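These are the structures, in structure tokens.
First chain A sits with chain B, and in the next complex the same chain sits with chain C.
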Partner chain A sequence: MRGPREVPILQIEQLAVAYATRHGDVAAVRDVSFEIHRAQTFGIVGESGCGKSTVAFGMVNFLGRNGRITGGRILFQGQDLVKRSELELRKLRGDRIAMVYQDPMQALNPAMTLGDQMAEVLIVHRSMKRSAAMERCKQMLERVYMPDPASVMRRYPHQISGGQQQRIVIAMALLNDPALLIMDEPTTALDVTVEAAVLDLINDLQNEFDTAIMYISHNLGVIARVSDEIGVMYAGEMVERADVKDIFARPSHPYTLGLLRCIPRLDTTKRSTTLQPIRGRVPSPTALPPGCIFEPRCPFARPACSHQPIPMREIQPGHWARCLYAEEILEHKDDLSDDMVNIIIGVAPKTDNGGPILRVKEAKTYYPVASKQIIGGQKQYVKAVDNVSMEAMPGRTLGIVGESGCGKSTLVKTIIGLEKLSGGEIEFMGMDISTPVSKRSEALIKDLQMVFQNPDSTLNPSFSVGYQIARPLRRFKTVPRNQVRDEVIRLLNMMRLGENYYGRLPRQLSGGEKQRVAIARAIAAQPKLVLCDEPVSALDVSVQAAVLNLLLEIQQQLGTTMVFIAHDLSVVRFFCDHLAVMYLGQIAEIGPAEAIYLPPYHPYTEALLSAVPIPDPSAEQKHIRLGGSVPSALNPPTGCRFHTRCPRRAMLPDGGAICEREDPPAQFDTDQHRIYCHIPLEELRKMEAVVTIEKEGPHVG
Partner chain B sequence: MLVKDYMTKHPPMAEPKMSVVEVQRQMSENNVRYLPVVGDGKRLLGLITPQSMLIDPRRMASLNVWDITRLLSDLKVKDIMIKIRSVITIDPDTPIEQAAQVMVENRVGCLPVVQEGIVVGVITETDLLDHLSKMMSGNMSGVRVTIRMPMIKGELAKLVGVIAQAGWGIDAMGGALCVKDAKKWDAVVKIRASKEEVVAALSAISSQEIIDVREV
Partner chain C sequence: MSALSGGTKTAEKRPSRLRRLWGGFSIILESRVGTIGLCIIVFWVLVAIFAPLLAPRDPLSQDSDAINKGSSEQYLLGTDQLGRDILSRLIFGTRTILVLAPLSVLASVTVGTILGLTAGYFGGLVDEVVMRLLDAIMAFPTILLYLIIIAAIGPSAVNVVIAITFVGTPGIARLVRSLTLDIRTRDYIRAAQTRGEHPLYIMFVEILPNVRGPLIIDALLRVGYAIFAIGTLGFLGLGLPPPTPDWGGMVAEARKFIWTAPLNVLWPILAITSLVVGLNLFADGLREETTRYQ
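Right after this comes the complex of A and B.
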């Protein structure tokens, strides 16, 4: 805008960071350059292990004992931060640069009240008086839209929710009015509705404080929402850098294109598109390819790519890419086909006759809680699952979504028998299975298998992959004893792992490979129903695409029914035929996946959809934010459980007094689509669609 | 239109112990002429201005070239800065015209913006000029007309009434006492219309006089 304002707050030039290891220096970050201007957000996106956080740590020299900056310059307002003394850096960090990290609980001292630890910043850094400092903190909490700041300041960190903790950390970071704010995955640990609110807050504050923000995330949707400019990192190098709209409309590096093509989007289903995972894996920093670092995985690689390192070049004003053929990438986007693509067209056209394979009827799972009184007192229950009814059709996928703490996992654990059913019925293929797993017959256990969220904790670290997959085969006698090994190898091949994985131990596998082994183990017994509890949420997007494709393929080949839990609404939309939206132990809306994403919506579904970060800056999304957090399941609100946060309550006469008194009735939109709400269906039908994505846009995917 | 809306937030800052050579580089890198000098917690300690960077040549006259180099490299910010007691500062909640007045009266080109002793920004001549340019929508095109009117209640309303009747909007407006005649007031109005239409409509007001019309 004006002379002095054009000078960036932060300028990074050819930064290189190395970690000293037993095998010599490992160059974790090489040749990274970018700049951030005032009141701008620079987003850094990439998969895990590509050096995003190392850049952030390098800037303030938090690299730890073995890390050091081996080259380049970091100019903060014209001052070079490299080779600064520890003392000078500490002063800068306190006064002018602030950081917010992923886990707010680690940034807060559990033994101090929130007010005390916030005020400490001001008392120490600015030698303010305690009372004045407290007053400032209260004002800052109001700025970050913290409800009832005075009482929050008297509480301890564990007494507030994760979203509120992150608000406190952001408020603390802003207390010193920093010129640069570094945010490293600040919303990754939060629920989608809370995440949306925190992202809104970041945008507001940036306008007000004129702060330059460096925002690191693995989630393209989040990055698209907050950033002005984006840098894509891969294996320690920045491979593409451009304006946010340019990156999504005209990705010019094959890796960026690959990333965009392997994420499910809200407007896609498994019938309309296939996800295209990026083959291979990120090279280890000790064994980098001699030429282009992406060459081994690149579908467009040509001989020239492997000769020498590729420099970053400006292909359009302001659009930089590290690719020799950047101009041609977009033209080729359609021939990016993988052999997997052809297999998954037209998924499981199973007929629905024969009725549901799984029928859950008014299921209740209660956890008893000790009474607060020492003697006597009424026993209290946490109603984790309360009156849930649903069905899963054979060969189809039923998705369950909801915020954390809504009872998704408990429901699935109850179905498989790991939790005791407190009331209601669960029927599987016509049999009653409301018994715990220890009392179930072997045949039943064989037919019901589960894939867990974290493969690290479900694979035994001391047994080989082959042994672990063979175990259910032996136990359930799926194949004769002498064919077990062949069967395991067949399963490994089906998981695209290959025979040489047979003897490996879990620690020798990557996260995606471990999850594939876990899936292989679950389907080894040829179950009728597989329950998947967030099987892809711990994985990187390119790996996630491969695992989702694999699950689809299995379903198509074996006709397995799946119950799929996820918090990511785009993944669920892509993967599921039917969908149940849960809130506080109850179902809010259930129906065919397409129907859930279009009006009529349950108000909660509407809010969830409007919070999903969409990896497309041109998509339009309604702005609905839920206030407060999920109420306690120990003492759920009466009537409709959503009434305390419902943004649509005002549509009813008397401001929705009925919502507090009576349970919402099931309203049938079609015979499969039920919405539990007091608002008449006609009114709900009048709502507009939450997300509109231009179909004719130049975007890929 | 307060200081806090026009100041530069997060200005580059210097510390008393920094060498002048380094500060000189920092100023040219950031393209600024003034640097507030701060201690812990951005507490204001002084100000570096273009004048403080000037070193009296007479001090150098008796030195040889090596002595000059040493003198320069030993020079610290605290040796050349204007000390806090002589620095004129301003509060972020001050109206911008008051900041301008302070600057004019004291003949300074930069005011550190300070809240409770802590630097929250700086405001310079350039910021004021930016304000002036924005106030007059300097970057927009239209007809810019200057009208001289007597200082009587209701005159401005007449002018606005005529413009409103013609169906035009006012893009920008400013006014000041006439320099030569203290009983008159000059108003500058920017309108999106053609020059002839504007002249025709505004000459209808008998008590007012069009001083200047131009398309910009």
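Right after this comes the complex of A and C.
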């Protein structure tokens, strides 16, 4: 692909970065080396706090007041960036390095039109005339596939969607024709279909502009899709570096292998696979182990590992790993360490008397919007949930997926009684629960509990773990008063936290631990139904696996029914028995999980599945991208709500005119699998499967 | 510092209540500004406690031979227009101010917190009614409000406390309300709601402990304002009835003789200023250190 003698755009040699704290210097990044060539994308992947962003900031010297580079070299087009004065650096960097961050709103000035702020880059850096600059900006927007660039340039940042904002930021970064583009989690804040389109764009641009890209992400699927070469970082060190295909086919560092084995994929379910979380937690940069940094968590660790720091070594041409036994790792992949429990769920437990435990009938949750007129004016409603019907079977998990704003959270909050039901009915064990929580009986409240999304706000920072788990026990008098403490400790043990967590405060816990405490609090009163609102989406993948396993175990032991919201299709595929796909307040498709992932698909499900980033470069995925953005729930499209973006509409006579006029009918593929679409089932059945994965991944054991 | 980091690392056993209190307290010693403020406050508190031992003479006894005399061996800071020892009056004045100021702040924090929590948690009509009433109070110029209240209920120590409480409450209620509005949306509040907890439990057990930090800092600053307010009332003759030693009253009386005994004004002013500055420094230090740990 490139000449071997060519000078790399970026060459990093043994980079070390430290932050000064009141406890002395903390080495955030140590001994990181890699290079990026022209038109190549180097992906850096790792969990939060592994130092991947620090590497990026070190490159452009944005380390803040207390950060500095303590060693190594950064060669940019052959010139060393370290140890130069700020002025020299600025000149050298000039406009040759551009950065794109996670949140586009922070990169855009809310008080300027998009056209003005884009043109400013050219006017300042290139001394271009305003009119010429505007013209070039317009061309650039066309190249990032921005629909209607002229009108977009007249708008302000808040007037366009998040995906479009990120497109603008990328276009701005490219205006100066940079040699190196650093992208730090640019798609993390975006929905999966939008993310897929942005990733496509990045791949196209790299070919077109000849730019070297450094792409940082925590998501292995995203990294697999955009990168040519990958570096895996752990606790401030790069532990493995290789070609993208190589790293997924032959992971040679135990951490890489661990990462791959703890993520659910589109072809794995709880009946076929066990997720294997990585035990322990990332060491604090102030207390690093003396030998291999991964040794305390490594299932393959041997005595030699803890003697001295392990250097990076080339185990095959182009494949580097920081492990003494890198060559043997793959052979040992099936040796599980003893403290991991096997919880493959065999056959589903038989459910007695067959009826659903929760029945939602044509539920509607509307929020009134204040009218802009002072007198009169029609009252408007945001139809967050509109005519949703679904059932949850006892002892099973019902998953709800959809992009942000599809109403999945509102639906769950309505079920638990935090939001008022505007119409329809909700029935729980035969009782009507259409009332808000304040009007429900104690027994009913006890039976419905919830696990929330954000681990940082799910626990009250002022009270100890023990107190917070004990509260539902005391309130619902689940156990006699003198046994509360023992019961809390039993629950803590069940969560694999142990008795010593009893007196800790939430700020002393990691994200995963907080979420476990929250789960313990939710199940303490032995509810019949637990509603989980994205309980793992804020967690790192290795922690996510542990929490998912825990929830599975709880369900096995207690027979709890769960409603599980997520936006990650791989996670719900793994975790749920039944699945509902929601779009703009309505259900598009509902049925047994395995049926959702195979044809016949609702066109929206098909698009979602083809957008999911799969952490396996050899997987084949159909390429379907949705145009436009999600319409406002204040004024949803008539007829089928998906008709404005539906790629399959053309399958109907006269371009799907019926989709605009009439609500889609429920079509029953089986008696449990419903698809709300005008396209006849026979046509939908003819679709091909979206994803085909070879059954030979390293972790499909 | 060592006490703190040790506290978090050996969290297996919860440290004793006393240790935790000291742990929280030692935070302030991390900040130079806070430490200076603390020293000033401690100095005045000690002065108040040991006033009878420290004061060279009786603050009320008059010496007709020494009227508006400057500093001398007998009267360290001189005497006032009635021949009373200024130093002794200052020392005893500490007692008045250090009782009345915190007391009035405590009262306004209590009332303000209850109103703010209620308005913030329930929102809607309750919020509108409570906050508009408090806005009405805030619309009056502070001095005017003091004048009206004291004129209506008469000058006395208790009435000074009532007046300051009345004036201080709206500000605290606003602060607590805005904090409550934020905390109300946290997941742990939702969790409490899904447990069917009583609104009073949610307000006072789940929310209140989490507004504590900013509230304490605000209250400390308000003690400073209250000292000013007591001084102002004293100066206007609406404070404590004479002959009680009162810093504000001392300024007011000495003002009349500013040309003959200029230093007599200075001493009580210095006392008021140092105490208020001390409180402000302490509050600043506390804010700096607590936000750092969050």
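FYI, the second predicted complex is superposed on the first by the 672 of 701 C-alpha atoms of A that agree within 3 Å, B and C clash if a C-alpha of one lies under 4 Å from a C-alpha of the other, contacts with A are read in each partner's own complex, and residues count from 1 in each chain.
Following the convention adopted for this analysis, a contact is a pair of C-beta atoms (placed from the backbone, for glycine too) under 8 Å apart; a residue touches a chain by one contact, two chains touch by 3 or more.
Bear in mind the structure is a predicted one, so any value in this text is a computation, not a measurement.
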Contacts of A:Gln453 with chain B and chain C, given as first, second, both or neither: second
Chain B versus chain C as contact partner of A:Ser438, first or second or both or neither: second
Contacts of A:Arg96 with chain B and chain C, given as first, second, both or neither: first
Chain B versus chain C as contact partner of A:His125, first or second or both or neither: first
Which superposed partner A:Ile416 touches (first chain B, second chain C, both, neither): second
First (chain B), second (chain C), both or neither touched by A:Ile310: neither
Residue ranges of chain A in contact with chain C within the complex: 22-23, 416-418, 437-438, 440, 442, 445, 448-450, 452-454, 457-464, 468, 471-472, 475, 500, 503-504, 508, 518, 521-522
Residues of chain B that touch chain A when the two form their complex: 8-10, 12-13, 15, 22, 25-27, 29-32, 38, 40-43, 116, 118, 120, 126, 130
Residue numbers on chain C that touch chain A, as the complex places them: 1, 5, 8, 11-14, 186-188, 190-191, 193-197, 206, 209-210, 212
Residue ranges of chain A touching chain B (in the complex, touch as defined): 2-7, 9, 38, 75, 77-79, 91, 94-96, 125-128, 132, 176-179, 209-212
